[in-house]
Every structure is written in C-alpha cells, then in structure tokens.
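Before I ask anything, let me first share the structure, which is written out below as structure tokens.
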C-alpha cells in the first residue's frame, strides 16, 4: 500500500483506544489468553475492495503473531459471498480487533465502490472522476487513497499544494486577470492554478489570464458545452456541483476533463463486509 | 457542549493540518493580512443542526479575535434557507477555516438528522434508537454526541464499559448460562451485561441467567414479539440487524426497548450547509 | 496481559524519556556497546506480583534482542527471596532500563499486594473490594489492572461509563426521585446508575426510585445493617468512606456487596523488588 | 510555579481524558449548562500544601471563566479545617474537574508533607534530604517539584545530567580509579560524578580518584562516621538505603551532606483534602 | 504570519521542553517570581529579519501577560545595531525564553538573509530562486517560509504535491516518454510534472513528452543556453546543482526560469541577533 | 548508538511526514511495488561521518525487510569517494527515504566534521571543545551527539541540569558572592554552578564564592591569561565568545579548560554525501 505505514498505525491505534480503552471486559474475562482461532472476511454485498491491508494490520498491532492469507486485493471487485482473506491467531485479539478492522475496511471499500460506480458511468469519455477536500478529519489520506483504488484521481490534497481562486479571492484582487497575475508572481512553480468561474465571461477571462485549470461551477450542460468550445484545450476544465448519477455521463460527454464529486468522501455508504470468527 | 474542549480542539487541529499543511497559498498571496469580513452559515436542506459550536471554534483556533452570533443551536430543526450563525473576523481565517468547519458541521448535522428521522418514526412507542460501535476512527465522541442531539441514545461507548456476550464468548464458555455466571464473578458492579441471542431458546436461557439486556439478533417480527412476551420486563430487549426505515416502526411497536442502528454512524450522509463569505 | 500493548509502550516511553532524556552518560561512557549481561528480579518482601510483563517490556523497547525466563506471573504470591524472572541481553540496556522497570513493577505489585490484603480480610463474605477514581494521571489503566490482579474488582472506569448521583446532582434535580427519573430518560441503556446516600431515608428513596447501586456514604455499621435489611436485594449496596483494615471485615459481614477503597490507588506503598545485574 | 505551564496542562489533559473520556454522563444530563456554583478546597488533615495552582488550572482548562481566591500557597503548612482556596464558575465544570484536581493536589501535598517531616527531623544538622529517580512515569517533574516545596532538594533529574558509577560500571572498568579516570575524559564539564561505595576501602579509593559525590550505600552508622572522617570535606557524602524516620536524625548527625529517600516519591500517602461544591 | 499558529506553538514547545525540561534552576532560585523586566532584540549584523512573531510568541507561551512593541517586521532589512522589538514582562520568563527565541529568530533570519543575497544577485533577470527538499526534520515549514521572506519562491513542499521523474523512475519506465505517459494517466490534474535531464537529448525528449518543468541537472552554461533555445517557452526550466554566488547571475542570464539552491536550508548560517534583558 | 531508539524513530517519522505527507506520487505511480534495488551512500567530500545508523533506520521504518552493510561508522574519517554503506531492499522505499536519510546524515556529519576541525586545531593543549544551547528545535540530542562524535564534549544539556549565573541573575542577587551563596542553599548537589564573568574582578569574586566553572565572556587573550593565573586550578575556566578558527589554538594555549562554540550547532554546513540507487 502506498500510505506510510506509521500513518496507518496511528489511525488504528486511535481507533483501538476509542474502542477498547482499558480492556475488552467480555473477552478478557471469558476467553482464555491462549485460545487460538481463525477468522474470515466475507463480502456481504457487491463492490470494490479497499483497505484489506489496513484491516489485517489491526490484528498485528494487537498481537504480532497473526498469520493471514489474502484472496482479494485492494481494487478487486467483490461479489457477495466472496472470501476476502483468512487470518489465524489469538482469539482474544480477533475479538478485540474485529470492530476496528471492519469499520476501516467497510468505510474504505464504501468509497472505492462509490468511486468505481462513477468511473464506470463515464467509461469511454475523456473525463476523470476526482475527489474534493470534503473529507473527514484525520481520514483524508485513507479516503483519497480509496478514491484512487476505485479508479478516481485526486484533486489537490490541501491548500498548500494547489491554488484555487474563488470568488472571494477574485473580488479582493479586482477581477480574474488581476488575481491571476498577482498570484503568479509569487506562486511556487510546481503549483497549478485553478480559477472558479460561474459564466462564460469568466471562463474567457480565465483562459486569457492563463489559468491551468478552470472550474465550471454549477453550470448547466449547454453552458459547459460552450466553455469546452471556448477553451479549446488551453486549460483543463473541471465540472463541479450538483452532478448526480443521472447526469454524470451527460456531463462527461460534453468534453470536460475533470468531474469532482464531494459525496465520494463526505457521504460514504459503508460496504457490507463481515468477519466470521471460529 | 458536553464534549471536552481539548478533544474538540485536537480534532480541529488534525483537520487543519490536513487541509492547510503549510500555507493556504491562494489566500496568503491574494488576501491582505488585515482584511476583515463576515460569513454566514446557511442551511441548504432541511434537517437537525449539530456541531455549530465546533464549526465556530475552527475560526477561533485560527484567529482568536472572531465574533459570532448564533441563531440556531445544536438540536434545532433547520429549514432550507435558515441562517444558522454569522461570524466576523479576518478574511484570511474565514477562507482557511471554511472547509474544515463545513466538513465537521455537515457530518455532525447529517448524523443528527438521520437519527431524528428514526426517532420521529417510532414516536409514541417505548423504544429508543441507539447507535453502535460502528464509528469512524477518531470521531467516535463527535458521532455519539450527534446521535444524542438527534434524539437517540448511546449504546456502550467501548469494550470496557459494557459487557456483551457474543456467540464466540458463549461457545468458549459452554453456553449462555455458563458464560453469564463466569463473567458475573469478576465483572465490575457498574458494568451491564448484554447477551446476544438468535432464537427463543437463547432468549429464555439469557433471561434465566440474569442478563441485564438481551439482543435479538436479526430476528423476524414474530419471533421478537414472542421474545417480548417471554421476557416480560425481566431484561431490556434490543432489536438489532436489518432494520430499515420501512420496518422501524413495526419493530418498535412490538415492544422492544432499544433499536440499534449502525448506519447512523457508519453510513452518514452529510447535511447540505453552506458558508457565504463577504 | 489484558492492557493494550501500545498503552504499555507509551507509558514506558514516557518513563524512559524522563529517566534517560539524552543519554545515560555513565553507562554510555563506561560500558562497551557489545557487553552482554544477565539480570534477575528478586522479591525483597512478601507480596503479590503485578507488572512483570510490563517490566520486561522495558528492556525490549531499549533493545529488541533480550531473552527472558519468567518464574512468577502476575497474581502469584511472592516470598522474600523469590526469583521472579531472569533476562539476558545488552548490559547497557539492562542498566538503562533498570530504574524504569523497577518503578513500574514495584508500584503495580504494591497495589496488587494491598488489594490482596483487603480481599483476604473479607474472604467468605459476599462483599467485593473495588477501587475508585482516585488514581494518578496517566496510570489509571495500570492501577485498575493491578487491583484486579490483587483480587479486587473495578468500579466505574470514568465518568462516561457509570452514572453516580451525588448530593450536588440530587439537589439540582430536586431530590433523588426526580434526579433518577430525569437521568433515566436519556441515560444509555448499558450504563448503571448509582445513588449516593447519607441516611436511611435516602436509601429508601433510592430503592424506590430504582437505583441499580446505592452508595452508603460514611455510614456507621448499625445504619448500614439497616440499609441492607431495607434494600433486601433490590439494589447493590456499596460501603464507602473511612473503612480501615480494622473495620473492613466487620463492614463486609454486614452484607454489603461492594466496599470501595480509594487508598488502593491514591496511597500506594511500593513493593520492594530488586534487580541484580551481572 | 516553576514547572512549565504546558507540562502542567498536558498532565491535566491526560487525567481528564482518563476520567471523563466522552462525557460526564451524570452531570451533563442533570446539571444545567448555565448553572453557576462555588467550591472550597479544605484541609482534612495537617500537612504541607503543594499543587494548588495545578488544581485550580484543572478548572480553567475545562472552562476559562473561573475565578478563584487562594488563601494558602505551595509550601504553606495546613491545619485540618483550613480553607485553602475558593473558586467560582460553571457547576458542570466544578463537578467534572473535582476528581482530577483532588487527585493531583492530594498526591503533591502528600509528597511535600512527607518531605517536610523528614526535613524537620534533621533540622540543625548540615544534611539535606533529597529525592531519587524512584518516581512514577509521567509524574517526575511534579514529584520532584513537590519535594522542593516540602523543603527537600533534588537529586539528579535523569541519567544525562549526573553521572553515577554503580558496581556494574566499576566492575566493567576494573575498579573505581579506572572508572573515574575513564569517564572524566569524556564527561561534560558541567556534570558531577558520584561513586557508589559499600565499604571504607571503596570510600578511600573514590576520594583519591576525585569523585564529586560519594554514596554510602546501606552502611551502618559506625562506618558512615568513619567515612565522614576519612573524606574530610573532599567530596560530598550521600547516605542512602534503609533509612527510616527512627534513624534519620542519627544519620544526619554523623555529618553526611545528603540523605536520599526513595519513599518520598515511590510510596506516597495522599494528603486528605476535600472539595465542597455549593 | 502565514504559518498556522499551532504549528508555531508546537515547535516552540518542543524547543522549550528540550531547553528547560524541568526547571530553569538558576533563574527559579535567584529571580523573584514577581520580578518584571524589559528586553530588546538588537541586530548584531546586517541581514533580513525573519521570525520576529515566532520569537515573541515564545514569551507568551511562557507567560501570557507579555507586552511588546515591534519595530521591524519579517522581510525588513536590518542594519547592525537596529532595534527589532522590545518586550516587557516577567523577568523569569524573559530569561527562560531567551535562548529558544534567539535560536529560532537567528535561524530563520539566517535563511532569509542568504536567500535575499541570491535574489539580489539575479535582480533584473527572469529567474527565481527556490528552495529544495533539503530541510531539517520538523522545521520544513519554518524554513520554506523564511525562503519566501527572503524573496525566494518555494519548490514542491513534499513528494505528494509535485511529481519529479528522476533517473531511477525514468529507467524503470523505459525512458522519459514512457515515464511521462505512464504517470500522466493517473496523476492528479493539479500536480505539475518535472523531469530531470542530464543532456540535450533528454531535454528534447522531455519537451516532446509534455513535461511542465524540466530540470537541467548539473549542466554547464553552454548546454543550459542551448536548452533554453530548444525549449522556447514550452516548459519551465530549472537550473540545479553546483551553482555558487559566483556563477548565479551568469546562470540566471541564460534565461532559465528557476534556480534551486539546497544550501538555503541545509547549510544555514545563523544571523547574529542579541537579546538584552534589563 | 547512544540515543534512545524511539527518539530517533520520532525524528524520522516527523521528517517523513513532512517529506511524503500522503504519497510519493512519482514513485508510487511509476515504480512497481515489488521492485528491488540497491543503494550506496558515498562521501562527496572529506569529513567525519555521523548518523549512519540514523540514515539506515529511515529505510527500516519504511519497510522492515532492508539489508545493509556498513563500511564506515560514526566517528570515522571520510575521504571523498569513500563508500559508507550499501543497502538493499524495496526500490520504492529507497526512493521515498533517500531525501530524509541524506538530510539527517549530512547535517549530523556536518556537525561532526566542524567539531573535529576545532578539536584538531587545539590538539595537545588541555582544552576541550564544547557545544552550547544554541541548537535547533527538536534536534538538540542529535546535534549534541554529533558534537561528541566529532571529538567535542557537551556543555549542559538544558536549564535544569547545570546552573549558570548570568549578569541578570547576578544583578538581581546583588553581586556574584550573594548570588552564589543564595543558589547553593537550594541547588541540587549534583548540579554544577558556572558563573559568567566579564573582567578579572569578577573572576576573582567567582573563585572566592566557590564557582565550579567560570566563563570568561568575550575576553581578550591577555585577560584570559591573567584569569588562568588567578584561578590556579580552583575552578574550570570556559572561554566563550568570538573565537574563530584563527584564534582557537591561541586561546587553547592560554590554559583554559573549555572552549564553547555556538556555531557548531547553530550554523551547520551539511557534509556532502550522496546516495546512488540502482
């Protein structure tokens, strides 16, 4: 996995601190310290798997002698009933880690599955699906990773690594042209500049000002079509706002480069996956 | 708010570290350090508000001279178009904090709104809606708080503060009776004991063993009705598993005490709230 | 051990940061990096062992190639002179970890020993000895664990996981009956409710209000006896306040269920254990 | 107070995280958010006060609008019944902070009181009482501070800031003379060097080797008297091991400079102080 | 200042923990708790100021009642003897914070001064001076900020927010063209792509492959001149490697866009600034 | 290495968080997860090596299956072209860790090299070179360690572990004699006391007051020579301030014991070391 190992470990420790706190009183009083068991992660719904290494890592942080066999990897499509992985080790640790592992696995797979659905809908067009900064505190790397596993691409990671001129910036600078020229003077040469636009006049001004990317904010299809024509490849175009599964393909066919969807990370439906312990 | 202040601050700092990292390059290069502005949080959909103090706190952590007027409080019902709060202060800080504030506010209000919907559906019955341990890492206190704001109640917070005998525990101890008697000997006297059951025989055994709470796991309505009759108030009954908006009231009318719903926290739909900066 | 491994590691790292800071200047300048040695933990007084895994973990965090043989386990009774464990590894690490290991081991064993003394005193009665929330910052899980190793049981772990109505709560609500009824409406169904009482009238009211547990606060034996009679099993009774080794058995024989003793964790006498390095 | 403010805050936050975790369920459900109250810290036993600023800080971290009047300061002698301080503010915060404030105040005052007792016993001699490295994880600065408040002095704070040659070091170097000469070559010029000795031959060797401080480890009074004569002011002498209240003055009168007592910090008896909330 | 406030606070707390640890034993034993004093930051050499807000913040974290007057701001040129700021408050805190404040101020001003020197050398050319990723652990934001204060621009902040194909990447992908095309498919649309080149053939290939930025790695002036001609504005050109004060202007006049200099942050000479306390 | 392992790990994690943040987008998109490679650390300049274990640890934290062969150890002299170490493992991890490893290795070796240069200059005299408290936040242990690797000695580590009376302390106490006598009463017996002096009268007073160490602050050689004569071994003498490579030997030959040099840690020139990956 591409996420740094200790970032993953920190997330897991945070989760376990919340979920166990002091002791798993039921398990510690009932299950013998030496009891050994096996467990299986099984898909209870169709979707795209994401987070299996994270889920297995939960158990290794509780007890470093776990062994596991992985049948499905991040990015694999799951059918209801598929066995994802099996693991073997301390029964106590299996019971203590179950909820944390599932919470992470279901959330990440939920994002990958939702992203994949969007990606399939626009297949064959030149558009890409991206996430936004509408993520949950502490989980942004996990969530952005899950979007890529689902076939999406990442928008800027944070406010340092991409510049985006919104209406407040533009008003403060006295228009798009002024704003772009002001920021270009000092902006790092590795940082791309996107300009938010609400109508074709703004699109035109953004093109001439030399924006790298132009966001078409809540525009109707007709206007976006005209924007694509006007731009003619001189900047990337990002459609944003109010795009649903019903309109997604239509928007993609207009010829925009990027369709960004906040719901991929702000309104996640967990994918149903279970863990059966024996 | 009942959550400890520094827990809130830590969540916000984590979010800002992810979202700003080094600098908001657009804002810092375009907006003057002394610029002053106002902002409004406005509901873009109907729902129940949760997290307004958290959202406002974001700005105070960025700049401690903010002033705000709050029109709606946690637990208030929102109509689309309602002004929730206004705040005034550094424009830079308004722009830097906007995303973090909205991410938190929309997530928390999403949970409160979904909980409220369930609570309204069972109004007049004796049942309560509760959350589960299916929460997101680092956010459990925020999420559980939002459930109470929406009118729900909290299930156990973690594995230390409530005992629940699941099938693995019961099998290891040789049945419900043995498991309950084994755990009672050492369990703290302030910890309640819940037993998971899958059929009426197990319900009977759990009652006789002296469980405080009995979970009716994925039972049909007919079986739950019989469980209510059998139990006759000697234990609290919790219905769990596969309950949807369509079946929720029917289950509540059977006479169970608790209906626990994982989706309240594992599959949250953000409530649409915007922040308009001037 | 039932405490999460990384909680233990964090405590140990905190201790080592305090105790070593930058370098063990004596050891690093005198002892060769490759020197190898053995050490023995030996009891210098009678008592109950607690924390041997924690003590050994200190050395593994300093150097992961240590080997150890454990002769006594948590909960075992120690006689002065007993060899508890032997370990073998880097002499530098033995010298650097000695103080931290002993500080933890002596403190935890001190708690287990003091608890065991109380438990032995009330043997044969139905009463249990419990701890309180009178613990030292950062050490609560270690301390509560040591109480269970000494044969005691744990009172509530924190203010979230048990409700206790004290006089301030009762006065604010207008009496025990009102307070209990007010809190029951919203309290999680897994949280037990204890009511603090100072006289028999309050005990009566607490019983009728439906308290799960009633604390008999600083009552004399005669009053407690009457409380036991009045309650007749309808609630658990906890004796608390001013109970000494001299009065402990007498209180237990009255028939209360719980005797809570703050001194178990707030006034700990370290058990004398030494570590001999060769 | 001399301890850095954020060290104090970190200790308090750790304590509150343990003690409240998510919410003080009793208080948050019963006491109104706007309720205001007053509280008094009162001595329930004679002793030396330590930690009143720390205790008051607890409440300011929970709610920054507290007001307090302090009648007794760190180092003041307390008589049973003395009012130490009064504070006024949110009743919820008073109830939530009470246990944490008392746990810290009673522990620190317990240490100051025990130290003061020792200091009084040796009044008029040239000896000083010092602590050791036998402290509790995370609490060393608090504990060492309390020793100074009780009139004691601090031994080395950690293994970096003082060198002490123990038997293992001496054996590894081939005797005291070799060990001292080896370490002097590299030891920082601001670091003092102490040598542990078990008999008069070792004392003699340590003097000649040029030790700054010589520890007389578990020696009887006769031997220590001879050591004082032999040393004749050429090094500081520290008596250590097995010194009780009964023997303390006798040891001090021998003429040693330092008497170090581990029990000051490893076996603390909390001083009884209460907090009355109205 | 544009750096997030709590990042600054964390750096300062880390520094103070290292520098004070437990107590400033000299100051706490000699200076009265109530003593009040004033201090002045004075330039002892010519340079560019950076970090004055950070330096003053040190004292506010030690004691929140400090007052200060700032005469010079970040980015101002200093002449030896200039008074930068005056502050007034607790003498103890002045003495405790002095070293930490100066360490930060001198380091940041050292970077700004060195950057400014480079910027002045290339004045009038189109080239910009940038930093690199050759920074010190924990200090990257401070260091990169100081570069901008000195008039430089920032290269990519980290490995997430800019893509750079080095020889290992290019070899693995089978050449520049393959590497660029492979990465473009998945790279976020806000991330710029730079290609490292060592000769004109590679420059040509990078241009045709569509690199946003081309690094001319350790090329001589003649080759760089040819690269500028070949590129003809189709990509930004970055000169890197072995550029000294002597060659800097010559390189800039060739027409490259960016000159990156690792020494700005990896080999910092502190600017001499003193703090005089009265 | 003498630095605690988890201190090193924390520094490295901090560095990697800054340098990678979310993902090394170039490497993760181009280099296969299973690719294996080797790398060599090679000296590009003459100097003294420091930090090779730290540098290698970077890779083990990214992937625990690395293997390495170390040819040069901390303290070894390097000639340009020397191979320092080779390592073999995941190509992705080699590329991700390269910058962090080099940043640490070059900084530490830069300090050791600069220290060694000073040490060589005064060879044969009785003087030692020491560092100061002029270090960078978070890096003090690394920097002080590097000074010892270069043959220098450490001055006090922090304000707790050495007392130094500066002019402000002396003025507040009413002169050197008063200050020394005031502080001696309470100062821990393991803490050495240094007095800063600016002229021979102060030196005389410091000797008579019983200072352990006397700092000769910015004195000319003639004055220092007289100070050495006056002191005649009754205290250690530390020359400090304005000493350059040109004057260093001359100062050492005067007969002072300690020459402290702030630039060793506040103005570090990185030693040029490269890492070649294949």
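Which chain is which? They are A, B, C, D, E and F, in the order written, and residues in each are numbered from 1.
Here is the rule we go by: contacts are C-beta pairs under 8 Å (C-beta built on N, C-alpha and C of every residue); 3 or more make two chains touch, one makes a residue touch a chain.
None of these values were measured; they are calculated from a predicted model.
Taking all residue numbers at the subunit B to subunit C contact, is the shared part over half or under half, that is, same or different?
same
Comparing A-E against D-E, which pair counts more contacting C-beta pairs?
Looking at D-E and A-E side by side, A-E shows more C-beta contacts.
Rounded to a whole Å, what is the gap between the Cα centroids of subunit D and subunit F?
Chain centroid spacing, subunit D to subunit F, equals 32 Å.
Distance from the CA centroid of subunit B to that of subunit E, rounded to the nearest Å?
Whole-Å distance between the two chain centres: 44.
Would you kindly tell me how far, in whole Å, the mean C-alpha position of subunit D lies from that of subunit C?
Here the centre of subunit D sits 22 Å away from the centre of subunit C.
Can you list the subunit D residues in contact with two or more other chains?
20-24, 140-141, 157-158, 160-162, 186-188, 191
Chain pairs that touch, all of them, please.
Result for touching pairs of chains: A-B, A-C, A-E, A-F, B-C, B-D, B-E, C-D, C-F, D-E, D-F, E-F.
Show me the residue ranges of subunit E that touch subunit F in the complex, using the header's touch definition.
My answer: residues 11-12, 14-15, 18-27, 29-32, 35, 37, 91, 95-96, 99-100, 102-104, 106-107, 110, 133-141, 157-161, 163-166, 168-169, 172-173, 179, 182-183, 186-188, 191, 263, 266-270, 277.
So in the complex, which bits of subunit C are touching subunit F?
Checking each residue of subunit C against subunit F gives 13, 16-17, 20-24, 28, 61-62.
Under the touch definition given earlier, write down the residues of subunit D that touch subunit E in their complex.
On the subunit D side, the touching residues are 2-7, 140-141, 144-145, 157.
Could you pull out which subunit F residues touch subunit D in their complex?
Answer in residue numbers: 128, 130, 148, 153-158, 160-162, 186-192, 194, 213, 236, 238, 257-258.
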